[in-house]
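For reference, chains read A, B, C, D and E in written order, and residue numbers begin at 1 within each chain.
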Amino acid sequence: MDLKVSDLGCRRGEDLILSGVSFGVKAGRALILRGPNGSGKTTLLRNLVGLSRRPSGAVNASTDLMAYAAHADGIKSQLTVEENLRFWAQVFGTNDIDAAVEHFSLEPLLRRHAQHLSAGQKRRLGLSRLLLTGRPIWMLDEPTVSLDVENVKIFAEMIENHLATGGIAVIATHVDLGLKNADILEISQFRPRHDEQQNPFLDGAFS
Amino acid sequence: MRALLTRDLALALRSGGGFGLSLAFFLIVTMFVPFGVGPSSATLSLIAPGILWIGALLACLLSLDRIFQLDYEDGTLDLLVTSPLPMEGVVAMKALAHWLTTGLPLTLAAPLFGFLLNLPSGGYLWIFLSLLVGTPALSFLGAFGAAITVGLKRGGLLLSLLVLPLYIPTLIFGTQTVVLAAKGLDNQTAFMMLAALSLLTFALIPFAAAFAVRVNLR
Amino acid sequence: MSLWEYANPVRFMRLSDRVLPAVSVLAVVGLAIGLVWGFFFTPDDYKQGATVKIIFLHVPSAMMAINIWGMMLVTSLVWLVRRHHVSALAAKAAAPIGLTMTLIALFTGAIWGEPMWGTYWAWDPRLTSFMILFVFYLGYIALWAAIEDPDTAGDLTSILCLVGSVFALLSRYAVNFWSQGLHQGASLSLDKAQHVDNAFYIPLLFSIAGFILLFVALVLLRTRTEIRLRRISALLTRERQA
Amino acid sequence: MRALLTRDLALALRSGGGFGLSLAFFLIVTMFVPFGVGPSSATLSLIAPGILWIGALLACLLSLDRIFQLDYEDGTLDLLVTSPLPMEGVVAMKALAHWLTTGLPLTLAAPLFGFLLNLPSGGYLWIFLSLLVGTPALSFLGAFGAAITVGLKRGGLLLSLLVLPLYIPTLIFGTQTVVLAAKGLDNQTAFMMLAALSLLTFALIPFAAAFAVRVNLR
Amino acid sequence: MDLKVSDLGCRRGEDLILSGVSFGVKAGRALILRGPNGSGKTTLLRNLVGLSRRPSGAVNASTDLMAYAAHADGIKSQLTVEENLRFWAQVFGTNDIDAAVEHFSLEPLLRRHAQHLSAGQKRRLGLSRLLLTGRPIWMLDEPTVSLDVENVKIFAEMIENHLATGGIAVIATHVDLGLKNADILEISQFRPRHDEQQNPFLDGAFS
C-alpha cells in the first residue's frame, strides 16, 4: 500500500502553518521530513495521524493504519518496563512483546520501573512500542533524540526491517540516519503564502 | 479495554492514590464537621446524611483531575486516540476505574462513618444504597469535567467549578433518599430518580467526554 | 563503646537476635498474668459491674498508642541527625503497631462507652484526640508506602513526624478548648493510686508491662524484617550491576 | 524573590486558577450545604461558622498541589534550587502567592457568604478577622504538604491526608472565634491562639518545606 | 578558575552508579562527557550541581558558580518567551535579557506564549537562559536535542564565546559539536566495581 497526500493544509491554533503539502511514499520506502526548527514537521505528522482537524486536502490512507511516536513517549513511570509494553500490546491486540524486547535489548530492564530509566533507555522503550502496533505506516517525530550512536544504528535497522516487509515510515529528524530506501522532503517549501490564511475573520468588508 | 482498566487500577494503587486514601480523606472530612459545627449529637444527627453525601462527593472530586491529566502530559492520550480503542470506551473505562478506587470504598465505609455522626438508625441501609447507585454517576460526570479541562495546567479549581453544578441533582436525590428514610417516610421516588439519573449519565457522558478529549488534543 | 554502634544493621541484627526470644516470653507472661488475673480474679465493680474489666485492655493500649508516637518522634530525630538506617526502619516498623493500639483503644473504649455513657461514640475531647492520632498514623504510614526510595522516604516521614508531633499536641489543646468531655481524667498516676482500687491496680500494672514488652518484641521483629528487606534489595542491585 | 511572587501570581491568573475560581468553589460548597442539610434557617445559622471555615479550607486544599507540582515537572524546581535564591524564601513566596490567590479572596468574600447561610449578626466581623489571620497558616501548612508529595504522581489525595490533620487546630480556633462571638461570649483566647498558631507556622514551616523539597529532588 | 573533581561517587536511589570519578577542566576549556545510554552522565551532572547527596569525593568549585541546563527546560508554557527570560534574569540578578535574545534570534518569538513554541524553539529559549545566569561553569545535559543544524552551530558558537571569557562547560552529549577547546571524557570507565557498593545492608554477618 502506498501513502499519498495531496494538497494538505495544516493548522495549529488559528495559524495556517503549512499549505499545499503533497507527496507520495511507496510501500517499502521511508520519507525523511527536513526543515529548520519551527517549520511545521510536528504539525504535519499530528495532522496525518488524525490528531488535529484537517482543514483541506486528502490523505489516501486511513489513520487506522498509522502508528505514531512523538516527543512524549507515553510511558508510565510507575509501571515496570514490561507492564508498559504489555499494556500497549494488549491495546493493539498483538499480545507478543518478545520481538520488541529483543530488538532493543530491553531484557535486563524489564523489571525496572520506568521512573528509573535514563533518557535514552526511556526512548528505547518508547520506540520498541512501534513493533507492538503491527501497523504498516509509522509516523515518527524526532525518534533518535537521546539515543547514543549504538542505539541509533539499532533504530535504523528496525526501520530497514520494517521497510523490508513492505512498511512505510515518515520520519521528522535533524540527524542523518543512513537509511538506504529513503527520500527526503524539505518541508519549508510548503510555508503558506501570505494571502492563504483562510481565516473567516480576514475576509474583506472590514474596510 | 480490559487492559486499560487494569492499568488504571494498577496506577492508582501504586502511587498513593489507592482505595485507602479516599477513605481516609472521607474520614477526615467527616471529622471536620463536628469541629466546625460543635460536638452536640442532636445537631450532628440532623445534618449527618447531607454531610456524608457531601464528603463522598468531595473525596470523589479531589481525585478527578487524575483521570486524564497525567495521560495527557506524558503523551499517552495522543497514543490512545490513535490506537484501535474507541475513545468512548476509553472514557467509560477510566470513569469505571475511578469509581472502583473512590466511589466503591466510600460506599462500603459510609455506614461506619454514619455512626460517628449519629446517623438516625433508619438511615444506614439507605446511605449505603444511595451511594452505591449515585457515586458511579459522580465518577462519570467527573470524567466529563476532566475531559474538558485536560489541556489546562492548574485546571483543578476550574474542574471543580464545572463539575459541582452537574452534581447537584445527584446530591439532592441522594440525600433525600436518606433523609426521608431516616424520618421513616417513603423514599421510593427519590431513589428511583437517583437510579434514573445514573443510567442517563452512563448513556450520555462517554460520548460528550470523548468529543471533549479529541477537541483538546488538536 | 557507644550506644550508637547498635544502630549498625549487623550489630542490631546480632543483638536483637539474642534479645528477642526473652522479650517475647516476658511479654506473653506479663499479658497472661495481667489479663487472666484481671478478667477472672477481680471483683465486679459496685457501680460498673463486670464491664470495668475492659480497663485491662483499654488503658494499656491507650497508653501505648501515645507512647509509640513518642518513640517514633525520637527515632525520626535520630535518623535526621545521625543518619542511622536502623533508626528510620524502627520508626517505620513501629507505626503500624501504634495504629493497631489506637484502634484497640478506640474499640474497647467504644464498647465500654455503651454501658457507661449510653453511646458508643461521642465527640469527647479525649476520644476525639484519639481519632486525630489515628489519622496522623494513617498519614505517616501512607507516606512510607507511597515513596519508593527508602532514604527519601525516611527523610520525608521523619520531617512529617516532627511537624506532625507539634500539630498533634496543638490539636490536643484545641480539642480541649472546643468541647467539655465525658471521659475519665488521668487516674493512674503513681502517687494517686487511690483512684483505682488496689484489686484492679496490680493486675493493671501487669497488663501494662505486658503491652510494653509486646510492643518491644513486635518492633524488634518488624525492624528485623525491614532490615532483611533492605538487604535483599541491596543484593538484587548488586546482582543487576554485576 | 519578588520576581518569583509576581511570576506565580501571573501563572495563577493566566490559567484558570485565579482569584475568581476559588471564590466560585467556595460559593458552590456553601450552596451545597443547604441542599444537603435542608433549608431550615435555624439549622443553617447554627452551623454557618463551621461551614464557612470548612469551605475555605477545602477551597484552599484543592489548589495546593499546584504549589510545587508543575514547577517540579517542567524542571523549574531543579533550576530554582541551583539558583541564588534560598529555598526557604522560595517556599515562603510560593505559600504567599497561594494565599493571595485563594485565602485572601475567600476572606474578603466570607461575610457575604455568611449572609447566605444566616450567620448570626455578631459573627460577620469575626468570620472576616478569623479567616484573615487563619488562612495564611493554611497556605503555609499546605506548602509543606505539597513539598513532601512533590515527587509523587497522583499525590493529590495523599497530600490531603497529610495536610488535613495539620489543619485541625486552625479550624477549631478559627470556628470557635466566630461561634463564641456569635453567641456574644468572650472570644479573646480563641483568637489569640489562632494568631499565635499562624505565627508559629510562618516561623517553622519554610524550613521544613525547604528540606522536603531538597530531599525530593535528589 | 579551574574545576577539579576527585574521587567522586554518584548514587541514584540506592544504586552506586559511578565511583572514583576524577577529572579537571581548565578555565576556558570544555569537557565533553561521552558514554552509552544509561552510563551515568545525567547522574554525574546532577551530582556536580548539588542536586543529589554527595556520598564521597570532592569538588573544588562551589555550586554557586554553576549553571545547569537539563532535559527539562523549566519553561512556563503560560508565560510569553519574554516573561520567561525576564523571570530568570531577575532570579540571577542580571537584569538584561538582550544578549540572550539576540544570540538565539528570539526577537520574533518574544511575545509568543511558550506553549505555542515548537520543540526546537523551546530548546533555544531554554539554552539562552544560560546567558542570564552570569555563572562561569556551565553543566549541560544533552543541550542540542531537537535543534536543527543551523541552531547547533549557533549553540556551539555560544559555548566558544563563553569559553573565550574564561568560562568552563561540561557537556553530556551524543553528537559532535565541533568545539575547538574541548576534551572528551569517556564515562563508562567509572562504572563501580562489584564490591564497591558500600551499602551498610550488604555487610556480612547476616548468616
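We adopt the following convention: a contact is a pair of C-beta atoms (placed from the backbone, for glycine too) under 8 Å apart; a residue touches a chain by one contact, two chains touch by 3 or more.
Because the structure is predicted, anything quoted here is derived from the model rather than measured.
Least step count on the touch graph, chain B to chain E: 2.
Chain pair with the larger contact count among A-B and C-E is A-B, by C-beta pairs in contact.
Each chain gets a centre from the mean of its Cα atoms; the one farthest from the centre of chain D is A. In this assembly, A is the chain whose CA centroid lies farthest from the centroid of chain C. Our note on geometry: chain A versus chain D, Cα centroid distance of 45 Å, whole angstroms.
With centres set at the average Cα position, the gap from chain D to chain E is 37 Å. Chain centres here are Cα averages; for chain B and chain D they lie 23 Å apart.
Among the residues of chain E, those in touch with two or more other chains are 13, 71, 77-78. In chain C, the positions touching at least two other chains are 132, 135, 138-139, 142-143, 146, 148, 178. Among the residues of chain D, those touching two or more other chains are numbered 11, 15, 73, 149, 152-153, 155, 158, 161, 164-165, 168, 172, 218.
Of all residues in chain D, only 11-12, 15-17, 21-22, 24-25, 28-29, 32-33, 35-38, 43, 46-47, 49-51, 53-54, 57-59, 61-63, 65-66, 70, 73, 149, 152-158, 160-161, 164-165, 168, 171-172, 175, 179 touch chain B in the complex they form. By the touch rule above, chain E contacts chain A in their complex via residues 12-13, 35-38, 42, 71, 116-121, 123-124, 142, 145-151, 174-175.
Put simply, chain A touches chain B in their complex at residues 46, 49-53, 63-64, 66-68, 70-79, 83, 86-88, 90-93, 129, 133.
The touching residues of chain C, when paired with chain D in their complex, are 132, 135-136, 138-139, 142-143, 146-147, 152, 155-156, 159-160, 162-164, 166-168, 170-171, 173-175, 177-178. In the complex of the two chains, the chain B residues touching chain C come out as 15-16, 20-21, 24, 27-28, 31, 34-35, 38-39, 41, 44, 115-116, 118.
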